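Have a look at this one.
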Amino acid sequence: MRLLNKDVISAFVLLAVSVVVYLETAGLNEMSAVFPRYIGLLLGALSVIYLVFSLLKPSAKGLWEGTNKGRLAAAAAGIAAYTGLIWLSGFLIASILMMFGFISLLGGRESRRPLRLLQAGAIAILVSGFFFVLFKYVFIVPLPAGILFGA
Amino acid sequence: MRRMKQIGALLLIILLMGLAGCSAGSGPAAEGKGEHPGAEGDTGSAAGFPKHPITYSIPFDPGGQSDLEARRQQPHLERILHTSVVITYKIGGGGAVGWSELAGKKPDGYFMAGINVPHIILQPLLQKDAGYQTEQLEPVAIFQSTPVGLAVRKDSSIQTLEDLIRLAKDKPGTLTAAGVGTYTGQHMTHLLFEKKTGITIQYIPFTGAAATIQSFLGGNTDLLWGNSNDLVSYKDEFRLIAIGSSERFTALPDTPTFVEQDVELTAGIDRGVAVPQGTPKEVIQVLEMAFLEIAADPDVIRQMTEEGFEPKAMGAAESKAYIEQLRAEYEPLVAELQP
Amino acid sequence: MNDYIPVVFEVLSDPLNLLLLVGSLIAGIVVGALPGLTVTMALALLLPFTFSMPADTSLIAMGGLYIGGMFGGCISAILINTPGTPSAIATTFDGYPMARSGKSHQAIVTAVLASGIGGIIGALALLFLTPVLSSLSLAFGPPEYFWVAMLGLSMIATLSSGSMLKGLIGGCLGLLLGTIGIAPIGGESRFTFGLAPLVAGLELTVVLIAFFCIPEVLRIVENRVLGERIVYRREKGVVRQMWSRLIRRPFLLLRSSIIGVIVGIIPGAGGNVASIISYDAAVKFSKDKQAFGKGSYEGVAASESANNAEVGGSLVPLLSLGIPGAPPAAIMMGALMIHGITPGPGLFTSQAGLVYTFLWAFLLANVLLIVLGLYFSGPIGRIINIRMDVLIPVIIFLSTIGAFAIRNNFTDVVMMVIIGLGAYLLSKIGFHPAPIVLGLILGPIAEVGLTQSILIGQAKDHVFAFFFTRPVSVVLMVLCALSIAAPLADKWLRSRRGSGQRQGKEEAE
C-alpha cells in the first residue's frame, strides 16, 4: 500500500497533459482552439477523479509485478535498434539482420545450433527479400536506402 | 495435399504481383521507346540528363487532381525523357510535408514534385513550422489553371453578383460561403472578394471539395466557392454567378467573370512542377522542355478543357515571375490576418 | 432497368472481364491484408492501365480491387492483431482472441461469409435504393457529423473492459492525439512543438499498428510463449458449422449491413466508423455480452459485414451526386472522368448500360469473394501455425514496412515505435487501446462538425437551434442517449441480481 503507486503517478502525468493542452490552445485562434481546449478540460476533470480514486483505493499490484523485465527490455531494445539500423543501412539489410537476430535469440539455446542458424538465415533473407521486392518494385514504395549508402 | 494447396496459393499471388509489377514498371517506357526514336538529339544535350529514373512526388492523396495530372503526363514524360518516371506520394499538411521534402532533396533534377499555387506561397507565410520557404522550390513549369468560381443553388433568390452584394450589405455577416480549407487559395479568394466589395460573408471551411459540395447541395451554406472543374460537373445543379478567370472560361461560356461585373478579382489555383533550389539551369531546361511539349499536345489540351481546366504552358522563368508577383499581392493580406 | 440485362450479361460473360475481376479481387485481398498498403494506393497504381481499357472493364477491375481490399484487412486483424486497413479495426477485438485460442480458421470463415453477405446487401442497396439513399446523404450537415461522432464515442462505455473511468480518460487522450497537426477548420498548427514532421498529424494506420501490434509483440516475448505454437484445431466442416451459426442470426448480419450502408453514404465517415458502430450494436443487442472481446464470432461477423456493406454505400453518393464517399471512390471517379463520363445526377440515365453493368459486376464480385475466401481460408488460417519465434520478427518487419509505406515517411516508423512502447505502458496501467483509438478516429469528424456548426450557427444567430433541432440530429441524439443509457441500465440490473459475482470479476481485473 504505497501512497505513490502507478495510478497516482499516471493521474499526475495526465493532469500535466491537460494543463499543457490548455496553455497551448491559449495562443491559437478560436476555431483551432475550441475543440482541444474542452477535451483538455474534460481530461483534467477526469484526472482529478482518477487521482482521488487511486488515493482512496490504491491498487495492491505494482506496475511491473509478474513481468519479466529483462525479456521485455530486450524486445523493446530490439525494435528500437531495428529502426536505427534502417536509418543507417537501409531497409533490406536491417530487416535481414533483425529477423536473423530475433529468430536466433528468441528460440532459446536450441536455436543456436548451426543447422538452426542456417535455417534462421534462410528465413530472414527469403522473407525480407520477398516483401522488399513486393513493396519496392510492385507498389513503388521508395524504401529508405540508409545513410551509409548515400541517401 | 494441404501443403500443396498452401504453396499453390502463394505461387499464384506471387505470379500476380510479378505480372502487375512488370507491366507497371516497364509498360509505358517500353512503348515510348518504340514511338520516338529520333527525339534523342534535342534532349540529350544537358550532360546526358537524365541518366536514370526520375521521381515525381505528389504531395496530395492518390487519385487527387495533382495525381491524375501526373499520371496523364507520365507516359509522355517517359517518351520524351527516355527514362522511367516513378510517381510517389508524400502526403500531409495540405501539401506542406511533400514540399518540405522537396526543399531538402539533392538538387540534381532526379527528384521533382507537383506544386500548387498559391499554396506554396501561403503556407510559409502563415505557418511557422511549414518546413520550407517558397524560394526553396524552383518552378519548372506551370501547366494547368483552375479558376475559382462562386455559385448559389438553383432555388436561391440571388440571380447575379449584384444581388449578392446588395443582400450582403443589407445583412452583413449572415450569409455563409463554403470553401476548401483555411488559409488556402479559396479562402484567400474569399477574403479578397470581401475586401474589394466591402461586404462581410461568413466563410465556412470544409476539408475537401467533395465535402464542400455535399454540404452545399444539402443546403447548409448559401454560397459555394468551387474550382472550375467541379463547377463544370455541376453546372445543371448550381447557378454560377461569377468566375475568377480573366476572360470568359471556355468550358463555362455563360458564366460572367468578376471583372465583367465590376469586381477587380481574378483567382484560381495553378498546378505545376518544381525541383529543389540550386538545380543546374541545363537540367531545369530539359525538364521544362518536356513539360512544355506535353502542354502543347492537342490531346492533352482537349482533355483538360473538357474536364473543366484551363491548360497553361508557363516555362521556368515565367512561372517564377508569376509566383513572385502573387506573393507580393498576398503578403499584405496575410499581414492583416495575423494580429 | 430490365432493358439493360442483355448488355450486362454480355459484358459479364466475357471471360477476360471475369478473369480480371478474379485477379483484381485477389490482388485487393493481398493489398488489404498487408498493413500500410491501401486500396487507394493500389487503385492509383491501376489507374494508368485503365486509360486504355473500355470504361466497363476498368470499372470492373477497380470494383474488384476495392471489394477485395476491404475484405483483406481482416486477415491480419485476425492473425496478428493488426488491422490491415483501418476498416478492420473492430475485427481485431474478437478475431484475434479467436485465433489465439486456435480458432483462426473459424474466424476467417466467419469473416468471409459476413463480408460476402454484407457486400451483397450493400450491392443490392446500391442497385435498388440509390435514389432514396442519395437524399439521405444530403441530410448530413455539420451538426449531424458531430452527432455521428458522439454516437461512436458513446461506445467507450461498451469498449472499456475494466474501469469506465480509464476508458473515458483513454478516449480523451485519443481525441487529443487526433488534434495534433493543422487544425481542419481553424487552420493553425497545434501541439507540434515546432517539429515539422508533426504538422501533418498522426497517421491513423501508424497509430493502429502502434497500439495493436507492438504491445502484443512485447507481451508475447515477455510471457515466454515463444517456443510453443498456438494449437491450431484442425476441424472438419468448419464452413458448414459457421454458416449454420450465422444463418441462425439473420438480424445480426442484416443490422450490421444496414449500419454499414448508412455510414457508407455519409461522405467522410468510412469503414472504420461503420465497423465500430456495428460492433457496438452487436454487443448491445446480444444476450451474451460477456463473450465479446474474448473471441466471439458474432463480433467478427458484425465488424466484417458492416465494413463490406460500406463499400456499396460509399458508391451511392458517387453514382447519384458525383460526390465520392471515400478516397477509393474518388479514384474511380477520376477513372470515369478520363473516359469522358462525369458521375452525377444524370449518370443513371445517360450511362445506364455502364452503370448497371458495374452494379451487377459488383454483386458478382461479392459472390466470388465468398468462393475464393472459403477456398483459401484453410491455408491462411494455418499461418498461425508458424512457430512464434519466427512469426514475431515477421510481424515486426511487416508493421515497420507498413508504417513507412502508408506515407513514405521514415518519421512515421520512429513514431510507431515510440507510440507503441507508450501503448504498452498504458495498457500495463490499465488504459486499453480500443477507447484511445476510437477517440483518434472520431475526433476529427467531431471537431469539424462542431466548429463548422458554430460558424454557421453564429452567422445565422442560432447556434443552439442549429445543433439540437434538425430532424436527423434529433434521431442521432436519441440514439446517443440510448447507447449510453443501455449499458448503464444493464449494469444496474446485473448488480441487483448478483452483486457478489461482479465483485469477484472486478478484483480479477
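To keep things simple, chains are lettered A, B and C as they appear, and every chain counts its residues starting from 1.
By definition in this document, contacts are C-beta pairs under 8 Å (C-beta built on N, C-alpha and C of every residue); 3 or more make two chains touch, one makes a residue touch a chain.
Not measured: the values here are computed from a predicted model.
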item: Chain at maximum distance from subunit B, centres defined as averaged CA atoms; value: A
item: Interface with more contacting C-beta pairs, comparing A-B to A-C; value: A-C
item: Gap in Å, rounded to a whole number, between the CA centres of subunit C and subunit B; value: 30
item: Chain centre separation in whole Å, for subunit B relative to subunit A (CA means); value: 37
item: Distance between chain centroids, defined by C-alpha means - subunit A, subunit C (Å); value: 24
item: Per-residue multi-chain contacts in subunit C, two or more chains; value: 41, 45, 183, 185-188, 408, 455
item: Multi-partner residues of subunit A (each touching 2 or more other chains); value: 31, 140-142
item: Contacts with 2+ other chains: residues of subunit B; value: 17, 20, 24, 88, 182
item: Of subunit C, residues touching subunit A in the complex; value: 37, 41-42, 45, 165-166, 168-169, 172-173, 175-176, 179, 183, 185-188, 190-191, 214, 217-218, 221-224, 226-227, 387-390, 392-394, 396-398, 400-401, 404-405, 408, 410, 413-414, 417, 420-421, 424, 428-430, 443, 446-447, 450-451, 454-455
item: Sites on subunit A touched by subunit C in the complex; value: 6-7, 10, 14, 17, 21, 24-25, 28-36, 39-40, 42-43, 46-47, 49-50, 53, 63-64, 67-68, 71-72, 74-76, 78-80, 82-83, 86-87, 91, 95, 98-99, 101-103, 106-108, 111, 123-124, 127-128, 131, 135, 139-144
item: For the subunit C and subunit B complex, residues of the former touching the latter; value: 23, 26-27, 30, 40-41, 43-45, 47-49, 137-142, 181-189, 192, 194-201, 203, 267-268, 317, 321-324, 327-328, 330-331, 334, 337-338, 340, 342-346, 376, 378-380, 382, 407-409, 448, 452, 455-456, 458-461
item: Subunit A-facing residues of subunit B, complex; value: 14, 17-18, 20-21, 24-25, 55, 86-88, 182
item: Subunit B residues touching subunit C - in the complex, by the definition given at the top; value: 2, 5-6, 9, 12-13, 16-17, 20, 23-24, 27-28, 61-64, 67-68, 71-72, 74-75, 88-94, 96-97, 100, 126-131, 173-176, 181-183, 187, 202, 204-207, 210-211, 213-215, 217-221, 233-234, 236-237, 303, 306-307
